[in-house]
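Heads up, the next two complexes both have chain A, just with different partners, chain B and then chain C.
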Partner chain A sequence: MGGKVSCTLGEVKNRADLIIYWGGNPAECHPRHFTKYTIMQKGKYVPNGRKDRTMVLVDIRETPSAKAADIFLQVRPTKDFEVITLLRAMIKDQPVDEAAVAETGLSLEQLRDLVARMKACKFGVFFFGMGLSMTRGKHMNSAALLTLAAEMNAFTKFVAMPMRGHGNVTGGDVILRYTTGYPFGISLSRGYPRFNPGEFSTIDLLIRGDCDAALILGADPGATMPQPAIEHLKRIPTIVLDPKVTHTSRLARVHITTAATGISAGGTVYRMDEIPLPLRPPLKGPYPTDEEVIRRIREAVAKKADWMPGMNGVVAAA
Partner chain B sequence: MTTRRFLMNAGRTSKQGVQINVGKDHAEYQAIVNTVTMHPDDLKELGVAVGGTIRVRTEWGETTFQCQEGKVPVGMIFVPYGPPTCRLMGGGTDGTGMPTSKGWEVEVEKV
Partner chain C sequence: MELTVTKNATCTFCGCVCDDIELHSDGVRITHTKAACVLGTAWFKNHTVEKLFPDALIDGKPATVDEAVHFAAELLHAADMPLLYGLSNITCEATREAASLAELIGGVIDSHTSL
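Our next item is the complex of A and B:
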């Protein structure tokens, strides 16, 4: 089964009575999530706010978010997929092996209680973080949870939403999706989009040394990516557009200082529920926006002769 | 020298998030990303005091961290993402595009 059964955060605010955070720590990473959208708000169908909602936290360690939770389920590291698979069986009244449950660090009673709450709620939501998607199993863990959310709709309304990280990462995915059909790991080298994570994704390209130039926009891979990828960025001509001096701008051949989005540059950002929000910059700054720099580079490139003889004006985007 | 295997769990904290915007050259950011949180029993077993230094090694690299104790399970170390964790990460993504940065096995020894 594929796909994501999801909703907007407005629906969560007005309807959700069971909120399950899985492998995420919103108290530290999304500090306004509780108060603006999930547990604290009084909504149309949850008029008593916090009293009408149950919050469950599933994680491998007791993070500060556990204080806000009604139920904290501490899973053994790398056992998330197993817990989700057990839950998928239990919601369908399939027998499960007690030894398999014990391996996850949880008890059968805890899982039965969770299943009962999931089936009894009117509107349930899974918010999942990098604790699920970047640990062993990776996208298979996310796929399992999305499938569980979809299957729960045989009993009640249930949705799932990833807890996205830095500003506007959702926007990157959404734009690539509606322009190419794929969210990331896309090659346009043949003139049409091809999607293959592991082959065309950034880290894999850098590690293998497939690319001989890099243009970095509003990111600091020099402080976040694995060291072999950083080493390749140092070897090739790397161009960085960033308002600040960063680890990446220091290793780059060219650093163009741009305006800070939302402060001195406008635009559109996408919230984690994929709702686009316009930005109104309160300040004026001396630096050009990312968009302006890219447009000017594009115009300059368009004036050059075709890079391959016989292209007849068709420019292959890379 | 006692060497023990731990499960390393990198993540985000609110202080680290604030410091990213203040500036990654600040001493406070450097202190945050160079400090690991461990269970008190693990610190005792390694013979490391709070504020002491450990060396963390993977098959791809090694780096040193300061220690603090906190609420993490025995056998796990938690560290905020930053340049030191980059040095420990390998290039493999298992065909997903994302490197493993949580729950990976590391060797730890007292410095």
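Our next item is the complex of A and C:
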């Protein structure tokens, strides 16, 4: 991700003495995050483990993760961006409007204390979840927090890392980045990659009815997406590759059962800190892997006429 | 029924991707997990390699993988703006194939990241 100030979870384990979770609930959603990577581990430069670290939780409600935190800051819903912007001003000793602080649900003392801790730590880290990146402000919230982490490096070492949900969602971003230059929401309809979330992001495409076929790879939008998006998937030919017959499979023209990733299909997946890890599937199953089925579809398409002359190095006859 | 033990297996349920899991399996299902969290344990035990689903379905009717692959290729080739979506629960190797397919058909490729 361009310009993101980040690190690996190994660095967090060995160095971080201030750990701030923002809009995430690791106790329930990433149960081993505390014990394997962050607060509970003893690290090279934090030899006493939990005693050497301070954990702050910023969220709109007191989730089970709050029990693990030293400090819990309850932000008023939709005010995350404002809190981050206030922090960005306060770290530079700029005056802030008390009325603006009051609106966030936090007090000036709480923010001053947080700023003091952020500046005093040796290695600070923000872990931000969907409570920040998927609520009002969306990617602007993430951008603000990443900027705050970058600006904190004028005082001390500070990094930020998103708490990624699904197993290989990070891998999807990484692969698309190094093949097309962009992480997601990429159109290749002009023969070269164009990136524009909002235009080429799935929900927007489906709700506007822009796409006229869909290949769904290990996802179940038929169960999770807004109804107008599902309606469009029903209208167009949809193809599903999944280890199970899903809601989406039932509204699709084609379903192909594939081996489950990490269970009976091997390969590589990326951890949330962009470290690639090999899979060790314990079982052998009766179904082909996603990789094999997608390759066969690609090979079958490649035998047909080019949609654009000269695509994929194939030069059209004069 | 042969009991196998897989050490340092990788869990793909959440973004932590823990790679220190021990899995005991009987060749059909995973019977026991060590080091996995409650979500990981459920994920591993929820999968079997029994043939519970047809190889492929075309318009709801069972079909062979070969037929389904060719029909899928036809549909994607005929489309003006096909969408490839998902990528979060498949391997990087499969994502590479998908990126290549997206280029070949001039489509849009997107993942759960855009949600």
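FYI, the second predicted complex is superposed on the first by the 303 of 318 C-alpha atoms of A that agree within 3 Å, B and C clash if a C-alpha of one lies under 4 Å from a C-alpha of the other, contacts with A are read in each partner's own complex, and residues count from 1 in each chain.
Here, a residue touches a chain if its C-beta (ideal position, glycine included) is under 8 Å from a C-beta of that chain, and two chains touch if they have at least 3 such contacts.
Computed from a predicted model, the values in this text were never measured in an experiment.
By the touch criterion stated above, A:282 is placed in contact with chain C alone, chain B being left untouched.
Residue contacts after overlaying the shared chain place A:185 against chain B and chain C alike. When the shared chain is aligned, no partner comes close enough to touch A:116: not chain B, not chain C. Judged by the touch definition given at the top, the superposed model places A:32 against chain C, while chain B stays out of reach.
When the shared chain is aligned, chain B comes close enough to touch A:230, but chain C does not. By the touch criterion stated above, A:217 is placed in contact with chain C alone, chain B being left untouched. Of the two partner chains, neither chain B nor chain C is touched by A:102.
Residue contacts after overlaying the shared chain place A:78 against chain B, while chain C stays out of touching range. Set against each other, chain B and chain C differ in how many residues of chain A they touch, and the higher count belongs to C. In the overlay built on the shared chain, the residue A:261 is in contact with chain C alone; chain B does not reach it. Taken together, the two structures place residues 29, 31, 134, 165, 184-185, 197, 201-203, 244-245 of chain A in contact with chain B in one case and with chain C in the other. On the side of chain A, the complex with chain B involves touching residues 25, 27-29, 31, 60-62, 74, 77-78, 130-131, 133-136, 138-139, 165, 184-185, 197-198, 201-204, 207, 220, 222-230, 244-247. Chain contact summary for the complex, chain C toward chain A: residues 4, 6-20, 23, 25, 27-30, 37-40, 44, 47-49, 51-60, 65, 68-73, 75-115.
The part of chain A that touches chain C in the complex is made up of residues 29-33, 36-37, 134, 163-176, 179-180, 183-191, 197, 200-203, 205-206, 210-219, 221, 236-237, 239, 241, 243-245, 249-250, 252-257, 260-272, 276-291, 293-298, 300-302, 304, 307-308, 311-312.
Residues of chain B that touch chain A in their complex: 7, 9, 11-14, 17, 23-25, 60-61, 71-73, 76, 78, 81-83, 86-87, 89-91, 93-103.
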